[in-house]
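The same chain A turns up in both complexes below, where it pairs with chain B and then with chain C.
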Partner chain A sequence: MAPKRQIKGGSIQELVNPSAYKSNLQALDFLRNFTAVIAGIVVGICGVVGWHGFIYHFLSQLACAGAMILKGCTKPAQYFVSWNTLLFHSALSSTTLLSYILFWMIFYNLCHVF
Partner chain B sequence: MAAGHSALLLDGAVRDWVFIPLTLAIVLMKLLTQFMHQLFNAPPPNNKELKEIREMQAITRAGRLRGFGRFIPETSFKMRKEYFAGEKGLFSQKAVTRSPQEAMATDPSVMVDMMKKNLTGMVPQLGMGMVVNFFFQGFVIGKVPFPLSPRFKPMLQRGIDLASLDVSYFTSLSYYILLLFGLRGAFSLVFREEMVDETAMMQRQMNPMAANPMGVDMDAAFKQEKAALAQVEHEWELESAEERAVEVLRRQLKAKKL
Partner chain C sequence: MRISTGGALTLLGLLGLAHTTLAVIQYRQVLKLSQEEFEALPASILLELVLSAAVAVLGGYLLTGPIKVAIMPAKGRSMDISSLRTDFISFNMRSRAMPLDIPPLTS
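Right after this comes the complex of A and B.
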């Protein structure tokens, strides 16, 4: 994100530091992937079958966002540009979803099918 | 599910000799391609002459001039603009850079570059797919944890013609493809970089012309810059600085008062 320019004569907008924003987003991505993998492993070992297994994925993503808020990011608007980025950024992204499905499948097969 | 559902019990040997080795093999192959990608992605050989580099930099400078021109006084801006876009300016001369077609034909290093990109891209994945298909064909390898509609059957059970087999069971080839897609996420954890190179690579395969790094038509770029420079209006920011300072101070005072 390029830093926002100042509007002449109008109000002065906030400047966004691009490298900080990018590293924030990377940290968020990392955590989301991590929770997807771990949740997939846990759900696979438990042997959850059926479509309602996906609910656990979204639950774990919410828990991840909650943990981030607890841990350090007390005002999400300061760290990300809008407050709902924390919740919705790559919430339905295919990488996290596919990782979840893959690890769920692998561990379900290892423990329950063989 | 319906009455036709029976849980198949798969032999432990299938797990030992197929499932785990396949997973390990694909993980290792992905690691290999990632490292090869890093090794081979050294910047392409810079066999450009001085003139070509100078022209590319001139275009960058002109772009910067347009963007940040408000920081320099009027006369300086006019001098620079004259240098670039004037009658005897830089952009009125003929560009020395060769067009991309000539470059591709005369320069063998471009071919080597493209070959390297191809090699570390789709080829190992396709090759591995063929190997997997050859060795592990004709049996189901696992079960998907959620029920799927029958339309997924040809996708997941490529070599098997059993009509009564549950759609949830899949063969090794489909498992291979699932692994390919699923490990992207896990690998981005390990490598901490944007590993979504595959989609970009696939697009580049479709469009080999766009992959050429020196594929910029310099003449057209010159014309564009000249036209853009002619349009730009210049306003020195120092002139309006006093008003803006008054604004800021007023706002500060208001905030302090509250």
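Right after this comes the complex of A and C.
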């Protein structure tokens, strides 16, 4: 696939470098999954129980967007093409959510049940 | 084998979290022996938890690596895409082994 042209409303806007875009998304994926695991561990050790435990997961996922901005993504349109991608890509995916639940469960059981 | 800074910090943070888990288990055992109810974790364990989590997250942040500009400028395109000829990538398939002199199915 050649570098994609973005066409908005009939006029060509700008070219996207597919390898750089893919590499950015992979970096965001990794950070989101890693943060989900660490957040699950922390929440499990603290002994949080109940539906409000998911709030910490969504907060940690939002913090990943902040981490990307710290990495140098001052203009998300240039690195992730849109704000939605930066905020929500793989934030609500099953991998991150289920990893969070898994580690939350494991560490809660280790510390507070067994 | 060289470990990067991010890798070392992640490892340290995860070890710290494991140590915190052991500390919480021991604390709960002490509470059970003295027949007290578990209310909240002591401040030392909470501090250790926060520090280990911070170190682990920092390690993960460093492990993620740099991000690149995805929008290409009109001038001065970088070298890494100049050899990207994805339109010319070919795939091999077993259709070459198929004999050409067999009669077609529909005729």
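The rule we apply is simple: the second predicted complex is superposed on the first by the 103 of 114 C-alpha atoms of A that agree within 3 Å, B and C clash if a C-alpha of one lies under 4 Å from a C-alpha of the other, contacts with A are read in each partner's own complex, and residues count from 1 in each chain.
To be clear about the criterion, contacts are C-beta pairs under 8 Å (C-beta built on N, C-alpha and C of every residue); 3 or more make two chains touch, one makes a residue touch a chain.
Please read all numbers here as calculations on a predicted model, not as lab measurements.
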{"item": "Contacts of A:T95 with chain B and chain C, given as first, second, both or neither", "value": "first"}
{"item": "First (chain B), second (chain C), both or neither touched by A:F30", "value": "both"}
{"item": "Chain B versus chain C as contact partner of A:Y108, first or second or both or neither", "value": "first"}
{"item": "First, second, both or neither for A:G53, with chain B first and chain C second", "value": "first"}
{"item": "Which of chain B and chain C A:S19 touches, first, second, both or neither", "value": "second"}
{"item": "Partner chain in contact with A:F80 - chain B first, chain C second, else both or neither", "value": "second"}
{"item": "Partner chain(s) touched by A:L62 [first = chain B, second = chain C, both, neither]", "value": "neither"}
{"item": "Contact residues common to both interfaces of chain A (with chain B and with chain C)", "value": "30, 34, 110"}
{"item": "Residues of chain B that touch chain A when the two form their complex", "value": "8, 10-12, 14-15, 19, 23, 142-147, 178-179, 181-186, 188-189, 192, 196, 240, 243-244, 247-248"}
{"item": "Parts of chain A lying in touch with chain C, wherever the complex brings them together", "value": "1-3, 14-21, 23-24, 27, 30-31, 34-35, 38, 41-42, 45-47, 67-68, 70-73, 77-81, 107, 110-112"}
{"item": "Interfacial residue positions of chain C with respect to chain A in the complex", "value": "13, 17, 20-21, 24-25, 28, 38, 41, 49, 53, 56-57, 60-61, 63-72, 78, 80-81, 84, 86-87"}
{"item": "Contact set on chain A toward chain B in their complex", "value": "6, 8-9, 12, 26, 29-30, 33-34, 36-37, 44, 48-51, 53-54, 94-96, 98-99, 101-106, 108-110, 113-114"}
